[in-house]
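Following this line, the structures themselves.
In what comes next, chain A is part of two complexes: it sits with chain B in the first one and with chain C in the second one.
Presenting the complex of A and B:
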């Protein structure tokens, strides 16, 4: 379920162009002024102290660094208690692009052997909250936990994919992690510690491996504190804050200063507030009501990680003037036709669906033209690979042309289809509009809204292949490379098993396409490689119709009036970056 | 109580033909039905409420025709009427205009007036069918319980207590998703008919004990009457006594309580829909409309006010009709 999990997206020139063009059509001054509005609010010199409150409507699934794959938790984990070898720097405005910087390491890594070997040297003075030094072995142990795929679930498996450890015939790694210790010698050969330097040997050159290690899954873990599955909410800090007491699911917790953390070893985390509390017992609606009202302690609060729900958008410009920001979301919302369904195994039916899709209705439901844009590319505009594929039949679609296609395909109209979406107010309305377009083209659409908690689980269940004809989904890149979009979604080899379709929800299975993915991965030159990913994107959406991209939306966040220097870090997960935030007294 | 024995009208009968002299007044016999009707016609509030209620029923019945004739259109989006963040209606009172009497829905531009009328149909169908279930089950069990007496009565009375003590709203909320899924899986019906069936069954099920109690009380007093004893001594079978002798005397309370439970059901559907149970947007019903509009209570209060006001008038009119009917049919319970 990486769909909800985004690690990093770069606001490149293209990303900025999106912002600018979206603002160009803005009639309301608030929309074009949002970055300035938020930056303008920052005033005065940062002071230490106070409590920064994080208001959340989203339950934290994991705090275990190796099991963290949700952007919000990756950012908080990294900023509060789990330092990584490299990380994304802080920003001074909501549009600034963060740079890759050294964190626990002294630099951003040294590649050798053409990118097949990477070495990072740890800084001196790094300490755990009990005063013991953070060692190279702690990092080595932490990363090894990813291999215990039966215990350490939910996190990204980049380590398994990249580090040079042979695989079994079924694709699993020959190393089974630090608990079973099967194949430990293989791991010890691939990841070595010499003094304070950790060295990774990779299967193939990975030019941006130092981006990959920004993920907390590549963070340190103390072997004597490892309780396996029970470590999920046990936080053992090497950063500026530590958990006070225990973490309560659906409620939250309080982070207090970790006196063992030495600010001299850390250029990123300013750690101004004395305490950071997280309240995850709220809903997005209530927390934005509270932030707009801006009363009492809520003046010291920020929305994290929930963006403003569509129903709060109308109030936010007037009610939270100067305290909100609209930033491009890292996600692309798209529709996947199911290749196993009778209807959409037919390419002409898929094309008809694409032609009849009314993206304008979705844009309206998602909050209007200032907050959403129609797209026909799987790759988000913020990524360098964005191919900007033209819409197949304008914003509103062309049901007449789609109908002609269906008739040409020899189908009896109306063609019954069942389409699923994640149930919420916005998508209820968006899909009511999309249905009109599809029905006008000769489909007879039945909509199934599935609650958010079960949504991706349902898509990945093998039973769904025979029940539904098309699915709504959303995806954002893990880090600024389209390799984390096209391959994880459409490479049938890594996705489709007897247990379900993985993230290839529509069972798109094309040998030539898989071969093209391999060929693209092998391109050494970054610019050429990203362009090739863009070409593959175009193939998916205009040749195979394996995906119908719908919209790219914007996220709106709000904060209380006392919170200063909290900027949305688009490069690093796209939420408020707590590293620089401070609370005015 | 109406007994089937004719009363004679009083001398102050205004409907009586003008008499030539005071001493010779024409004495006219009036049936209790006529009497009740006369009382009803004199009750101005009830008559106004009655016509309002009839108007809504006609409107609800006509809604599918109006929709077919394109006079109302609850489905077509009007993005051109929306603007700004959150796609809010342009113009005052949620975008009220000659074309859109109650404005348009935020984020889609659906016509609120059309949705209220289409929703009225859905809500009234659900409420009416639920009342019918309650009436049939409640009346039959009420008669049986009251007339049979003894162990049957004791058992049925405990069942009534049992059903009445169920926390209906909590049950509905807890069960709705699961049961609707089961109905869908079993029948292959789309979501909306399945939700409607669920609401009808549950509201019908929880409504019958009220009827059963009232009917039982009536039957207990009726069965002491001579005509029942006569029927029994003539050897009439139980079924005949229940449905040929007792039932005709029960139509008044049934009518009164039907008109009073109907608005209660409309309100229940709205309340549950508001909580996200039952019929869901985009299918309009009072519940689903209010559920959507409450999110915009601050940004677009008109979207909440118009459907809310309509619901208020519908429920009030049916309640007043029920009250008026009770007063007319049961003068002993007159509040004067």
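Presenting the complex of A and C:
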């Protein structure tokens, strides 16, 4: 009996120790306080050769360029095997903003007809891995695949939205893609090839169409290599690397040099490593353990695309000093007041909600300043259009001022509101904190945590308009133009139907604002246009109070000690850019 | 005996059909739209419809189920869109019988996925099984024979520790220190048994130990309890009185009589494990059936979910059958038809 007790004591002790260390990691995630401060400085002249290893805990859903919609795959696709007409340049530090540059095209595109026609001329010397030239028709065919919506699923549908092909009554395109060929003549009229020049006719002026074509969905695809869904993991390269053998789902693959790629046609990809391997069989926890330990081949590895999980954060500062970086994630978390709710149809009530919002509580819940930063802009800091709108009442908010507003609006306190959020531990804590601030301002907040899988479906359901007063949501730009933030979230014309609010969850429906979106879309000058998007963002958050931006979370990435010149390209996708990375011998 | 097995197999088929039908019904009753998952960010209603079609969820549920059952019997061709199959034969994927289906999320047949995953699960399960049976049963015998003395206390104590440490904890500790920090063994990744069985074993040793820890602990306790009970029975005294040797008494008379409950438990545990050791697989990044199952649920991949439910159910039912048959050999009193 005595001995059993002793064992029990030992076991309890172990349990306690575990609990204590778990608490430790939750309260002190020791990431670097200054973003980008600890990224490795360049060590010497880059050398060719070696193997760069990508350690991943995320399964690749698609390698098919037209089906790729995730930043990580867009980047790898573009950097390794699928050159696009234009792309985002490389960077020399984790904070530098990348610029739009020509890739397969000779320049970043020529707009005419007020931005309704765009033309790109292909460079000479572009080749597929079998030595055949990459032609204008290959680009035209590739883009046409997006229209086969029941085969080529998952990719972005900007082609369908922008290119001038009429739609059917149900909203579908009259062109059904290259397999059924229904409406092929319409596509052939809207996208034309003349020699090496591809010309797009658009429905409306799109000033940043040369940004849109940076997505691999606008990349080339050889018709004779198209096997529909069977092509999902088959890679046919026109970039510096090609896949050796086959891609194994949940395991990975090895990319080797494509000897048909001519570096003279390419200013972006340095292609230093002889091989790039991707191991996606791991979990984020184990891959960060390995990167922190930095043993053997793992010295030549980078985390891609997984950011460090909370379990790794406690060890990363000491264990991977100089080999990790904390950068803003591409996502902005925000709150949307519902214009159809009785309370928030009132502008003063929306303003009161904004004033009483305690972002500091959210930041604490998300793991502290190292892992989240408060924001009052819908546009992410990584984007050129980021307006950096000041917080309305500091990080903590001002419940007293908010209360005064509610009273001024003639509302009877407390004002009952129901707020939804995506249920998880972090947001449970964050919303408990936010509720305190709102309730102090005279709201009586009821929180509704909705499981992740049902979350956005619930927001988009037409019944929700009468049930909830405000929603939590998150969004990241598709490509670094703010047109992919403001328009998809707040243009009522593309969102609100009888079937629901689309992504305009709060039913913000403002004719002048929609007109301003069109006007901004048509601006040809990139700098002027992005400034105009920033102004619209400011309008949303400080004039209409149609959205209350909350935080931008930060991602922490680590790399092995031999990997040099690997910088997080925030503007492009927010991951390490493999175009410049090299491996020290 | 033959008819008994035949009858049991017949019951099994009916049960598996019922289970698969129930899985279909539950999947479509859940208020989550699987097509929304593949539809990308700026999804529109017409594109959502396209996705539903590509996933094969556009047809009525009974039709989908009938096609699934038919595929099991005769095989199927994908995509499920006859028009597309006729116009573009190069896109057709043939899935031979017994076709478990095609996962549009993985762009391959489930048979292919399962044939890749089962060697992993079987390797983990069988190795761990041998390890825990050896350690567990022998530990239990030692404890029972030394009841109340220090070997007993040691075994019971170790068993308690083994039993109270969660699998993911043991797994992570072993992985972090033994493989990553000290480099005693390579960081595990599954290697096929042939051509290099040593490579196979060295990569599996940590998952085996991890999984065996918790099971060995419970088998120690189980064996100890039954051995103590059996060793105090009259027939043991009789055997000793007749002059049987010490180990003959322990193994032939004592252990054999204690085996029935141990075999029952072992059969069911092994049956369950063959369907995948989810936590161990995930800690050591080994993608067996357990990983497939979890992955299919989180991605709402119906064809894979149904297939995994069927496979796990088959293993459990088969294990039950094997255990029932083994009883006849271990314990003559329960021989079927006797």
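Criterion: the second predicted complex is superposed on the first by the 341 of 585 C-alpha atoms of A that agree within 3 Å, B and C clash if a C-alpha of one lies under 4 Å from a C-alpha of the other, contacts with A are read in each partner's own complex, and residues count from 1 in each chain.
By our rule, contacts are C-beta pairs under 8 Å (C-beta built on N, C-alpha and C of every residue); 3 or more make two chains touch, one makes a residue touch a chain.
Every value quoted in this text rests on a predicted model; they were computed, and no experiment measured them.
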{"item": "Contacts of A:258 with chain B and chain C, given as first, second, both or neither", "value": "neither"}
{"item": "Which superposed partner A:56 touches (first chain B, second chain C, both, neither)", "value": "neither"}
{"item": "Touching partner for A:317 - first (chain B), second (chain C), both, neither", "value": "first"}
{"item": "Partner chain in contact with A:283 - chain B first, chain C second, else both or neither", "value": "second"}
{"item": "Touching partner for A:73 - first (chain B), second (chain C), both, neither", "value": "neither"}
{"item": "Chain B versus chain C as contact partner of A:214, first or second or both or neither", "value": "neither"}
{"item": "First, second, both or neither for A:341, with chain B first and chain C second", "value": "neither"}
{"item": "First, second, both or neither for A:154, with chain B first and chain C second", "value": "second"}
{"item": "Chain touching more of chain A, residue-wise (chain B, chain C)", "value": "C"}
{"item": "Chain B/chain C common contact set on chain A", "value": "285"}
{"item": "Complex contacts: residues of chain B adjacent to chain A", "value": "75-77, 79, 82-88, 106-109, 190-191, 280-282, 292, 295-296, 298-300"}
{"item": "Chain A-facing residues of chain C, complex", "value": "31-33, 36, 38-42, 44-47, 49-51, 53-54, 78-79, 81, 83-84, 87-88, 90-91, 93, 104-108, 113, 153, 156-157, 160-161, 164-165, 169, 172, 175-176, 180-181, 183, 187, 189, 282-283, 285-287, 291, 295, 300"}
{"item": "Complex contacts: residues of chain A adjacent to chain C", "value": "3-4, 6-8, 10-11, 14-15, 18, 59, 61, 69, 149-151, 153-158, 160-161, 170-172, 179-180, 227-230, 232-233, 249-251, 281-283, 285-286, 289-290, 293, 295-296, 453-454, 456-457, 478, 488, 497, 499, 503"}
{"item": "Interface residues, chain A side, partner chain B - complex", "value": "27-28, 30-31, 285, 309-317, 360-361, 364-365, 367-368, 370-371, 425-426, 428-429, 432-433, 436, 446-449, 556"}
